[in-house]
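Shared between the two complexes below is subunit A, which has subunit B as its partner in the first and subunit C in the second.
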Partner chain A sequence: MNAIQFDATQFGAMLPMGVLSATIVAVMLGIAVRRCHRVTAALSMLGAALALVCALPIWLGGTGPVVVTPLLTIDPQAGFYMLLVLAAVLGVLALCPAYFAGYAGDREEIYLLILLGGLGGLTLAGASHAATLFIGIELLSLPMVAGVAYAIHDRRALEGGVKYLALSAGASATLLFGLALIYAGIGRLDLGALAAALAGAGADTPLVLMGGAMLIAGLAFKLSLAPFHQWTPDVYEAAPAPVAASLATVVKVGVFAVVLRLLHAGGGTAAAPFVNVLVVLALASILIGSVLALRQDNLKRLLAYSSITHFGFLLIILVAPGAGTSAVAAIYLLTYVVTALGVFGAIALASSPAGARDRELLGDYRGLFQQRPWVVAALTLMLVSLAGIPVTAGFIGKFSVLVLGVAAGQWLLVGGLLVGSAIGLFYYLRVIGALYAAPPSGSPAPVATGATVAVRWSAGAVMVLLAVLLTLAIGVYPEPLLQLLRP
Partner chain B sequence: MVLVWLILIPLLGALLAWLGGRWSSACAQGIALVAMLASLALSLWLWRNGDYSLTGAGFTASLGVLPQWAFEFRADWIQSLGISFHLGLDGLSLLMVVLTNLLGAVAVCCGTRDAGTRPGLFYFNLLWNLGSVIGVFLALDMFLFFFCWEMMLVPMYFLIARWGQDAPGGRRREAAALKFAVYTQSSGLLLLLAILALVFFHQQATGVLSFDYHDLLNTPLRRDVAWLVMLGFWIAFAVKMPVVPLHTWLADAHCCAPAAGSVDLAGLLLKTGAYGLLRFGIPYFPEVAHELAPVAMWLGVLGVVYGAVLAFAQTDLKRLVAYSGISHMGFVLIGLYAGTEQALQGVVVQMIAHGLSAAALFMLCGEIQARLQTRELGAMGGLWATMPALPPLLLFFALASLGLPGLGNFVGEFLILLGTFSVAPLVTVVAALGLVLAVAYALIMVQKTLHGAPHRVGTLAALDTPTLGLIAVLGLLLVGLGLYPQPVIDLARPSVQAVQHLYAAGGAAGAGVAADAALDTEAVTTGAPQ
Partner chain C sequence: MIELTFYAAAAIAVIATAMVVTCPHPVHALLYLVLSLLAVATVFFTLGAPFAGVLEVIVYAGAIMVLFVFVVMMLNLGRRTVEQELRWLAPGAAVGPALLAGVLLYLLLRNLWGLDAAPVGLQTVGAKAIGVALYGPYLLAVELASMLLLAGLVAAYHLGKPEA
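Then we have the complex of A and B:
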């Protein structure tokens, strides 16, 4: 083979990844030369923002797919998921300065980890080969292991990190084995061929069936779909709020981008056995996620279950054929990312500067409204959006998926969505009720003092404000967005 | 455009009141009141300047003619999904909007005592809710309708959970609010699903993706599908009304809600359910509605009797009034499914009359509670001796509630029973017995609160003048409605006739299909006469 040659279009398509990689190197060198929290934060955000700008033309350009080596294909869909990943990375980064301001250990490496995870997300968005898929997934997960265990001296963080590491490695191994089996069956490793094999699998291709099942299991672990979800609440609870936000947004968007390419290539669905598996996964995620969230008193665990439920909803897209479905996936993921960033942002703001433990128990939030009305107002709106009630972006996302489900005649999943939403309202409102309740009498927490804490402007506050505005804007007038995402 | 302002004024008022709350409670209340009065003035102006004779003439959808509206507004909203911002006003909507604005202003005035430490937010929630209710009464696009329908939910949850009171007997207000929200939301999701199914089947039949009321009328549906879709609508509306097996949220919500919330809840939210049936539930599915009619009417009778019996058995004043509401809404349900013009006229009058009388009763409950610090009937008694002004008013509205001739509720119930008799005599007879039970619960309320020996010595504070004025206004309107209901009946006639025509046509078509069924079991039922 010849040496790989780049022309201008290919270079443009690679630019976001290039910029982000350069940022990572710069941040790493910066830390090595001299530790400075502010400079590191600013440099990381600048780099991510620059990469975001570079990704815009890929999405909006509307040109056909640009093949950059057999490993990467950058098309507008990849451009969109790159944008989404980068926006999520930027949002997560914005939370860090205020959150880690009071952190006793080294504060700079967290930026590096989050950026590395983002690079993994970008790789997955453009992946067109099993090798890139695997590299992307590992690049996405491994930094998160370190991120979860960032407060390394805290037993809980360490435990969460180890748990995530061990289970994640197991899932990656399953995924790899699945890829190997399919390779044994069809002798090819590019995603197009894999997707075609998965779409045409049947009793005559046992290797593909087997491999596909293992592949789905591995991916389902990363998306924390039931019954591969057990790690999620523990890890979310152990992780610092920004890392949890990253797990809920960057990781899931990146993985879902590649899932769409594998199981939903060109608007088709996978073969019937896989579709049945996906239906079961979706129903199990919706029901288990929402039922386990019901009596949950820890907000971060509750959000973990909520994300399980949300990705259960999202699976409806994979079993509904049709060209319009990827647009619906894009809408749903966008509204989900905005909302999840807002929710974790509000939690991070309420916990900043971080002490030994995030403010995460419902009891910690009782009566917080008296003390931090703006943060609580934002948190309320985001929870309402997660519940999918009109005037918020969450409703538009849920509505789009529901329209799709009804049109595809997936009544079972549509029913599951309705049940999940109804239960969802119950636990979201429990949290909201606690936020506005009278503070517990005689509590030692500063909450009881009742003094309003002034809003301190930080990057995180700006991010949450943006999320709030975007949530309302999408909720009230989604038409421009729908037009943009239309294939 | 004027219709948009009807919705926008309360919503903008809500935002301004929130800001106003930073300065003082009175400022927030003032802003809220001005907004509701402006909206009321606007709706009265619409009453004067509109031609409300249109709907009936054009709304014979069975002939394929679209409804006409006195005022209509349509703007693009989400074109890619066939959703537009479509509002329409006819006599029925107008009556409901006027009632909303009137009771909204009353509720704002009630807020003085309840608004507490965050007055701005209190009025924000109240007005946001009222704006959404107006939206529900005006929406002609199913997406917009659902949007407003759900928008009512969260503010009401907050009004109960944040500004309500824990009821005696260990009922916490957060739990009551949650119960309300979960009931409403889960039925709302069914409504959403039914709307989507209707839209989807309409798209299959015509190739047009549209959420518009005009387009969706006359959607051809297979009979079994029509049943399922209609049940989605029906359950959502039945929860709001509430119809008896689905009513359990109501009393809890009422007894934990602040007075303003109760006025809003009883006066307006319950009416959205009945309005929904009248505007959508029956016209979309006239034939299956006919088949449901016997069940619905008997559920109505059950509501009348059961509500009255439970009201009689209550020891908490507010729960008593809440259960009496279930009884009254039972009549509305009977009238709706009797479907004759008289019965439907009665439904409209009954909704307005119950809105007025329930609002006044809940205000009086609030006043009594503020003075006695209890709502337990056992701890009352003798108010007639210890309190000026309030007892005669309470007696007046209790009499209104039991259906005394000369007051609005009598006209409503009489018309409903009269209109139902020709369709379902047995239902009418049993429902009329409910009137006797109404006498029992209304009088026991009067007896236990006003008569007997006073529990404490010394006179209680009199009603303040604004409250007295408000209650007097409600009372006068009730008398007016009782003695001269003609303007209301005239205003609602075209809309009511339209529904009645559709419903009657549906009944005829349904009967035809039943006859054909022997020949063709796969009969596709459409709204068009064959």
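Then we have the complex of A and C:
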């Protein structure tokens, strides 16, 4: 029996994961030697950035898929999602130093947890086997449980953590059961065979049908699609803002990358029963997410509903056949990640020194413009982008999905998208209105001295600034990006 | 015969697990949990996966037994809890699990002395085959699983810390 051997190409393909793993070990050892918040933060960001650089050639190189054991297949698409995951990880890490600076307990573990979640995302981006799919999803969720409950002695954090732990374990069990049923039906575990089985499922393959249904339910939970969305607002509300950002970006991008491989392999769609299920999930997500966000006074809960709606829009890609649809998914997810990082970043910046509670109620934001004009301006732009108003990145993403839906003749979903966007406009503008409203009477008048109005520079502020610039750049002149993403 | 063992063990696993969920006393529930794990291990044996069965017995049933002991130890706080413990561990509570475990034991003995004990599955997967698979095509899964364990470790370390 020969030992397994890797050649240089395979090592290159695995390099981002290797670098990130090495970073995790280095950060852990660093913490063990001496706890230093700044060193830990710097080391984590350095490692994530290095992994990002290593992922670039995989995406741009354009070489064919590199098969690294049956478990991983690294192709340019995997490279793109690796980049996106790593960029999101980097963005989340950038938020942490300022946000956790005033945290009383140990601050260093959050970096480890976020990096570990990122490794799960990378695994999912390259997964080509049910084993990597499952381990990747677990690696993505488990650190987030601890992240949500990070301030464990706060009752709310504990509640959110327990909710996420129990429900996410239930979803993972469902997913595993689904995989087992499909395996019982076809006797294979590689994602290519699974995707083919899902595409050819029918009344004569009851095991695959049932397994596929459980698989979709498990994945829909991780993407928080209605009716598997109930945990989302509670967990987003309980989580610290950077962890909520990670849940909204790293976790969802990673899971969606593997969903594309399963239900949209080679631009095909799954079998008709699954497509019907996906249409229902998409419509339910769009409508439930929008309607529940309408009267929401908590910004983090509102963003949770908004993310439910956004992934409802994204499901249009899964039911529209065609090779170009993967590029649309890439555009949409890129614009979504940039915007979500920006909006959670702005929340983190606005609330970091606040202490136990994030600044999350709309009432907390009244009159903030006078005190922190730059943060409020960034938040406004990000909300406008989430609403999908032209000149922002969100518009480009939504427009590409709309064009795709029209081309595929999915009128029901296109209608849902329009209705959802219309409702969205209302609740995003409601938040923006609160941002610029006069401060509530009775509170001390803000003193607009130079010290308070000045920008407080931190890694998080740089990240939000980058997100703002990127949102505007993509919104105003998207052509280079579209050229880059279209194969 | 081996098919009968498979179905009986599977049924016992389902019944015992249902009892775990519905038992009001944690100690009773743990008794059924141990039984459920043993039944699942028997299912593994009948399917031709002795290694998985052995792991199930050693790791799960063994670890659960340890957990069981810990629970009893932590509850052992004074005279009142001792009395409560005695009530919980009344012989009556063991009847259900013992009955089901007896069925498992009977089936196991019948199979041990039975002549043909071919597994229900197509082949028997031994420890060596598992080792070869884990360090061959599944090497990266092993590495990633180690990272998953690390994640669990970091999470448990952070969440288990006493309040500063």
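Here is the rule we use: the second predicted complex is superposed on the first by the 474 of 487 C-alpha atoms of A that agree within 3 Å, B and C clash if a C-alpha of one lies under 4 Å from a C-alpha of the other, contacts with A are read in each partner's own complex, and residues count from 1 in each chain.
Note that a contact is a pair of C-beta atoms (placed from the backbone, for glycine too) under 8 Å apart; a residue touches a chain by one contact, two chains touch by 3 or more.
Since the structure is predicted, the reported quantities are computational estimates derived from the model, not experimental observations.
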On subunit A, do subunit B and subunit C fit together or clash when superposed?
fit
Does subunit B (first) or subunit C (second) touch A:104, or do both, or does neither?
second
What is the contact status of A:143 with respect to subunit B (first) and subunit C (second): first, second, both, or neither?
second
After the superposition on A, what does A:482 contact: first (subunit B), second (subunit C), both or neither?
first
Look at A:116 in the shared chain and tell me whether it touches subunit B only, subunit C only, both, or neither; answer first, second, both or neither.
second
Should A:28 be classified as contacting the first partner (subunit B), the second (subunit C), both, or neither?
second
Vertex at subunit A, arms to subunit B and subunit C: angle between C-alpha centres to the nearest 10°?
150
Touch count on subunit A, higher of subunit B and subunit C:
C
Touch test for A:425: subunit B only (first), subunit C only (second), both, or neither?
first
With chain A overlaid, the minimum CA to CA distance between subunit B and subunit C in angstrom is 40
Which parts of subunit A are in contact with subunit B and also with subunit C?
none
The subunit A residues in contact with subunit C across the complex are 1, 3-4, 21, 24, 28, 68-72, 104-106, 109, 112-113, 116-117, 119, 123, 129, 131-132, 135-136, 138-139, 142-143, 145-146, 149-150, 152-153, 161
For a test of understanding, state which residues of subunit B touch subunit A in their complex under the given definition.
76-81, 146-148, 150-151, 153-154, 157-158, 161-162, 174, 177-178, 181-182, 185-186, 189-190, 192-193, 196-197, 200
Considering only the defined contacts, which subunit A positions touch subunit B in the complex?
384, 389-391, 395, 399, 402-403, 406-407, 414, 418, 421-422, 425-426, 429-430, 432-433, 436-437, 477-479, 482-483, 486
In the complex, subunit C touches subunit A at residues 132, 135-141, 143-145, 147-148, 150-152, 154-155, 157-159, 161, 163-164
